[in-house]
Each structure stands twice: as C-alpha cells, then as structure tokens.
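Letters A, B and C name the chains as they come in the text, with residue numbers starting at 1 for each one.
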Amino acid sequence: MLNPMNTIEEKSRIKLGRRHGIQILNALCVITVLVTLGGCRHSKPEPNPTPREDKLVVFAAASLREAFGHEADEFKKSHPGVEVTFNFAGTQEIRTQLEQGAPADVFASADERHMKALQDAAKVESSTIFAQNEPVLVVSKEKATSIHSLAELPLAERIVVGVPEVPIGKYTLQILEKASRSLGADFETRVEAKIVSRELNVRQVLAKVTLGEADAGIVYRTDLGANRDKVSVVTIPPEFNIIVKYPIAIVKGAPHPVLSQQWASLILSERGQTILRDSGFLVAPAGKAAH
Amino acid sequence: MNSLQAVVAGRIGALYVDAQIDTGDGTLVIVGPNGAGKTTLLLMLLGIRRPHSGRITVGESKLLDTAANLEVAVENRRLGYVPQDYGLFPHLTVLENVEFALECDSTGRQRKSRRIEAEAILDHLDLMELTARQSSELSGGEKQKVALARALAAKPQALLLDEPLGALDVAARHDVRLFLAAYLKKLDIPAIVVTHDPNEARTLGDRLAVLEAGRIAQAGTWEELCEQPATTFVQQLVSRM
Amino acid sequence: MAGQSLLSAMGGVLVVFLIAPLLGLVTATSFGDFVAGLRHPLVWPALRLSLITTSASLLFVVVFGTPLSWTLARANGRFIRAVEVLTNLPAVIPPAVAGIALLLAFGRRGLLAGWLYPRGWSVAFTTLAVIMAEIFISAPFFVQAATSAFRRLDGNCLVVARTLGASPLRIFFRIGLPMATPSLLAGAAMSWARALGEFGATLMFAGNFTGKTQTLPLAIYTALESNLCAAQALSLLLVVVAFAVLLFVRVVLARTTADEMREY
C-alpha cells in the first residue's frame, strides 16, 4: 500500500531541519528534566518559590483547549496572581512557531513526531506522555440508524476525514488500513470512494458531520465537547484504533522555568489527570496505573 | 411654428416652482438670479423632474397634463436639450455623438445611412473637420455646436438650452453669442434659453420671462420690460445694459 | 516642498509595512525551493482549479453585479439604501462564518434544501460550492466599486441621452457602461483578487479535495501542515499570479484614464 503521507513527511522533516529560527538560549536557567509520571503523580505543585515569575506561556494542541482551561483554574488556586497565557493551535503550527523562536514556556503536543523533531533540534527539553486520546467515528443524525460500527462506514454517501498532513488524517489512514486487513481488502477503497473532503483540522470534520453536510467522519473523542448530542458517536474497535499519545515538554530557554516545571507537575498529578479524564482523554500511558 | 406652453407647479428641495411660460413664435429667454429655479424649470419641462401639477404642450402635442393623468416619458417628449457643460459623451467621437441621437429613433435604419445623415448635420454647422475628435479635443464653442447638432439630429419639437454661454471664456463668448442668436432666428422650432446674463437675455431671444424665487415676475419683450419693470430685479436687469 | 516630503514619507511607511511580508516570503524561498515547491503534487491541480473557479465567480459577479450597481446608483429611497448595505455585508463577515452561513442556506439541512435538493443531494463539496463561496465573499468588492463608479458619472450625459430618446438598456450599454469601464475594471480586479485569496468560506462550504475543491489557498494551508517550504513556494506562486493580473489591469487602466484625462 502506497502511503503518500510518508514521503511528504520525510520531505518536510528535511526541509524544516534547514530552517532554524533564532534560538534564544538562557544559560542562567537550569531546567529540571521532567521526572517520570510515577514519580510525579504524588507530588503536589509547590508554592511559588520565586515571586519574580508571575506569568506562564503555554503552547498547546488545539484539542487541549477545554482541558487546559480547567487545569489553569486549578493552577491559579495554588499560584494566586500568576497569569497563564495559552496559544492553542495545530501541533504543526506550534512547531513552526517554536522553530521560529516564539517565546513559550511549555509545549503540549498532540503528536509525538513533532515533539521528537523539536527535541532533535534542541528546541525543547525531554518530554513525557501525559495523556492519550482516541479517534472515534461520528455519524450524522440522518445516518445514525444505518451506521453502528466502523464496518458499516462504506454505507455513508459522504465521508469527511482529516488531510493526511494533519495527525487526525494520518491516524484515519492507519485505522482504515488496519481495518482492511480484517474487514476485507476493499474496505479502504470503498471508504476512500466516499471521501468528499480532506479537512485541515478536526473541528472542520466535526462541523460538517454536525451540520449533516457529511454523513460520517473521524475525530478525536475529546473534540466532541458540546456537540456530543448532535452526532452519534461510534467507538472504533481497539484492534483497529490508534491510541494517540500526548507528550509535554518544557521549552529550552523558557522565560519562566520554575512555573513551567510546576505546570508540568500539575498536569501529571492525580488532580491534573482527573481533569484530563473529565474532558475525554485516556490518562493511562503504557505501564502506568490505568483507571 | 408651434409654440411651447407650460404651466407647472411643484416643490424641488427647498424651492417651490410655480410658473407659466409660452415661447410664442420663436425663442423665449428665461432670465433670473442664481437659485431662482431656472434649471429646475427646464428639468420639469424635460420630464426629469416631476411637478405635482401642470400642463405642457408643444403645438397640438401634449407632454403633460396632470389633470387628465397624462405624462409622456422623457424618452418620448422629443425635446432637444443642451445642458450647461454640453454633456457630450466623452467616450465617443463627434460623429458618434451625433450618430447616437440618430440611433435612438425607432426607424431601424442602416448604420451607413445614419452616418450620411450625421455628416450632413455636422456639415450644416461647419463641423466636418471635427468628426473624428473626442470632446476632450474640442474648444468650448465647438462643444456647444456639437451638442446643438446632436440635439437637433433627434428632430426635436422644441429646443432647450441651459446657460449656453456659461461654460465659455470671455473671449469666446462674443462670437458664440452672435452665432447662436443668428442660429436661433433661423430655427423653425420653438426654443427656450436659460441665462442669468442680461446681455444674452436681450440678444438671444424674442421674448423674456423673468424668474424670481420660482415664480415668473414679468414676461414680455425687452422693450416692454424696459418701459415698465415690475420688480427691483427687472429694473436692475434692464439698467445694467 | 517640505510638506510634500512629509506626506510622501508617511505614505512610505505604509508601503514598507505592506511590502515587508511579501519580501520576507521572497527572500525566505530560494530559487531551488521555489522550483521544488512547484513540483509539489498539490500545486498544479490547485492552481488550475483556482483559475477556473475565480474566472467563473468573476464572470457571475460582473454579469449580475453590474446591473445591480447601475440600479443602486440610479435609484433612491430607503429600500434601495438597505439593499446596498445588505450587499456589502458579506465583506465584513468572517469568512469561516460566511461558510457556515452558506451551509445554512444551501446545505443539506439549509433553508433552501427542501426546494433545491428533494432527493437529499447538496452542492457542498463540489466545485460549484467553491465558486459560490468565492462569489459570496468577493461580490461586495465589485458592487461597491461599480456603484460608486456609476454614481460619479456625469449626470448631464445621462439626462441628454434620455432626451434623445434612448431606452434604458441603450443608455446602460452605450453610455453608462463605457463611461465607467476603467472603474469597473479596477473593481473587478479587486474582487477577483479577493476571490483568489478566498480560504475560510471555501474550506467550510466546499471542503478540501484535490482537483475538485482544493484551491491554491487551501493547498497552501494543507502544505503548511507538513512542508513549510512548499507552502512558501505556493504562496509565492499565488502572489506572482495575482501581481501579474493586477499589474496588467493597472496598465490597461492607465492607458484608458490617460485618454480620459485629456478631456479635463
């Protein structure tokens, strides 16, 4: 099976490698490498020891908008007076911004590959997986009665997916490929024939199914949010599904290293993980205590 | 010759126009100060502005009779109009300007016969050297002649000129005035000339109507106005000569 | 003289601000990158689709927008003013919202769905939807320019044409249209440029499918997700195409306005 995505990605990695932004390295900042989740789970965020840091800038994948909003409320409880600023965007966009030297403290990615690339370019410290997400099938109300499972997806007349260049599109391709192995070799082809649009982000996919313009699409479970009732949600069998790992890392030369560290600790703490779970994330990376 | 007779009343903006005019057998000059409603009156005759009551006739042909609920559209009134800045179509040549007037009648003639007629009209006014020019390449006097030729090409039943010398410089004014006075004398349709200039008022028309604040203050020949000026304005008008 | 230098300097500030990002785009893309970007598989289908759809939308906007503008410019009254304001509105709606609005009107569950698609089809995700989105977004630019062009016409010429017995259609085609042509061309160029750059409404209403609904701006955004270089090359291509067309229109305009200037 030819996968055009791989070639595009390879190219991009090479090209982007050349294009380094201005790197601001603050030698005075000694940044603690994130401890493992196990070590972190029981540590409470410390009260702010350096009062000079009153700001925190978090760059995060768009799918974290809701969850991180709640995390910020929690963070402010233990850090009164601290201002938490977010930049939510597609992971690729954030990666470009960081490569161009955007002043951020923490980066939470929806894609390990982009995090790895930034690490290789020495833009971020080492990363830790803090959450997991899974793609689900969403079906418009009109087709809810005929499509109950991934196997019935070809019954849809119009399917929207993410473009292979964005993570959800890449995962969708992988899911279809896996499903073809057991649902019949032509499963992927039959689905492909019904694809009418390759959207640039998950919200576009969801909007089209919510409005009934498309019959079905694949989005992250966490993206359902307030639209949960406007579509029918079909879980993709685990044997076909891709579990998406979300890594978090402190940006090299972060202007607020102490608060960054404390933010990461909060996200990995029991309370932080509960908040993520409430927003639809799976919080059990391999080997860690699951729920 | 027919005469153009009109009684119109109507409010345009802040001005209430209520006037009765009659060209008689020749050219009527409507004279008055700025803002008296001279152009508005012309536009009412043309049908561009609508009086709330009135009656306009040229000979036997009725153009407006509000009492009888009759109103002929602008396009069908057959009144030739030369505005103050002549209104030549800037994208057309002199010849094309005149041809446009010929296109608009419904006889459906061939382009060639229209051209021959247009050239004849221009020749009549000694404009043959200008046929290929555009209005930007004409002097004020030439523009005025072309506009006159164009208006006459449509075979109007009366001719309306608004400040015909108003856009000309002083040097050109004298010659054009003499030409126009002679031309209007020969014309076989009634004409109305609007002006604020006493000199033009005296030489261009056979009869005058003095318009003040929307109303005709006095009408008659120049001599009649001189003998018994009805208002201070008329007094000043005739004494400035 | 000093006053004029000050004015020029102030204008220069804006020029620098407008050109700097374009210059950034040019300098950040080496010739090799540009050539490589042009070989990107998304480029040619997207460029072709963009040229086809913007031509179609421009044609529609001009054919229907010119009579509309003529009517708006010639008529008076509250109703006409309201219509004029309404036709300007799409220019201020954020494009993504415009896309949703188009879905809500012409989509499967839209206002006109029962009438347009008795059998459940809808125009969304088709090339026609791209054209509709471009028309919706770009028409106000043309209508505004054309209406003010028609309003600026010498009223005396139009009055004279009527007294000569010309019908409304003859006045429109032989007098109004040719007299306003330079301004109409300028308005059409602006409107076309806006349609060429259209992104948000297209993505929402027509989706993103190579060769069918993926216009150049959508291809740029798609490429941006994986390959910044290709995105830059595509952006440069978009800028070059737009520049060439707008420059061409300017040259034509300069020629016709030079003709006009001689009159005054």
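Note that in this section contacts are C-beta pairs under 8 Å (C-beta built on N, C-alpha and C of every residue); 3 or more make two chains touch, one makes a residue touch a chain.
Computed from a predicted structure; not experimentally measured.
Because contacts link the chains only in sequence, without closing, their graph is best described as a line.
Once CA atoms are averaged chain by chain and compared with the all-protein CA average, the nearest chain turns out to be C.
Computed centre separation for the pair subunit A/subunit C is 37 angstrom, with centres defined by C-alpha atoms.
Remark: subunit B and subunit C have CA centroids separated by 45 Å (rounded to whole angstrom). With centres taken as mean Cα positions, subunit B sits 80 Å from subunit A. Under the contact definition stated at the top, not a single residue of subunit B touches 2 or more other chains. On subunit C, the positions that touch subunit A within their shared complex are 33, 41, 100, 103-104, 107-109, 122, 124-125, 203-204, 206-210, 213, 218, 221-230. The residues of subunit B lying in touch with subunit C in their complex are 43, 46, 48, 74-91, 100-101, 103-105, 134-137, 147, 150-151, 154, 156. Put simply, subunit C touches subunit B in their complex at residues 154, 156-157, 159-167, 170, 174-175, 178-179, 181, 259-260, 262-264.
The touching residues of subunit A, counted against subunit C in their complex, run 4, 8-9, 11-12, 15-16, 19, 90, 92-93, 96, 158, 160, 163, 165-166, 195-200, 204, 207-208, 211-214.
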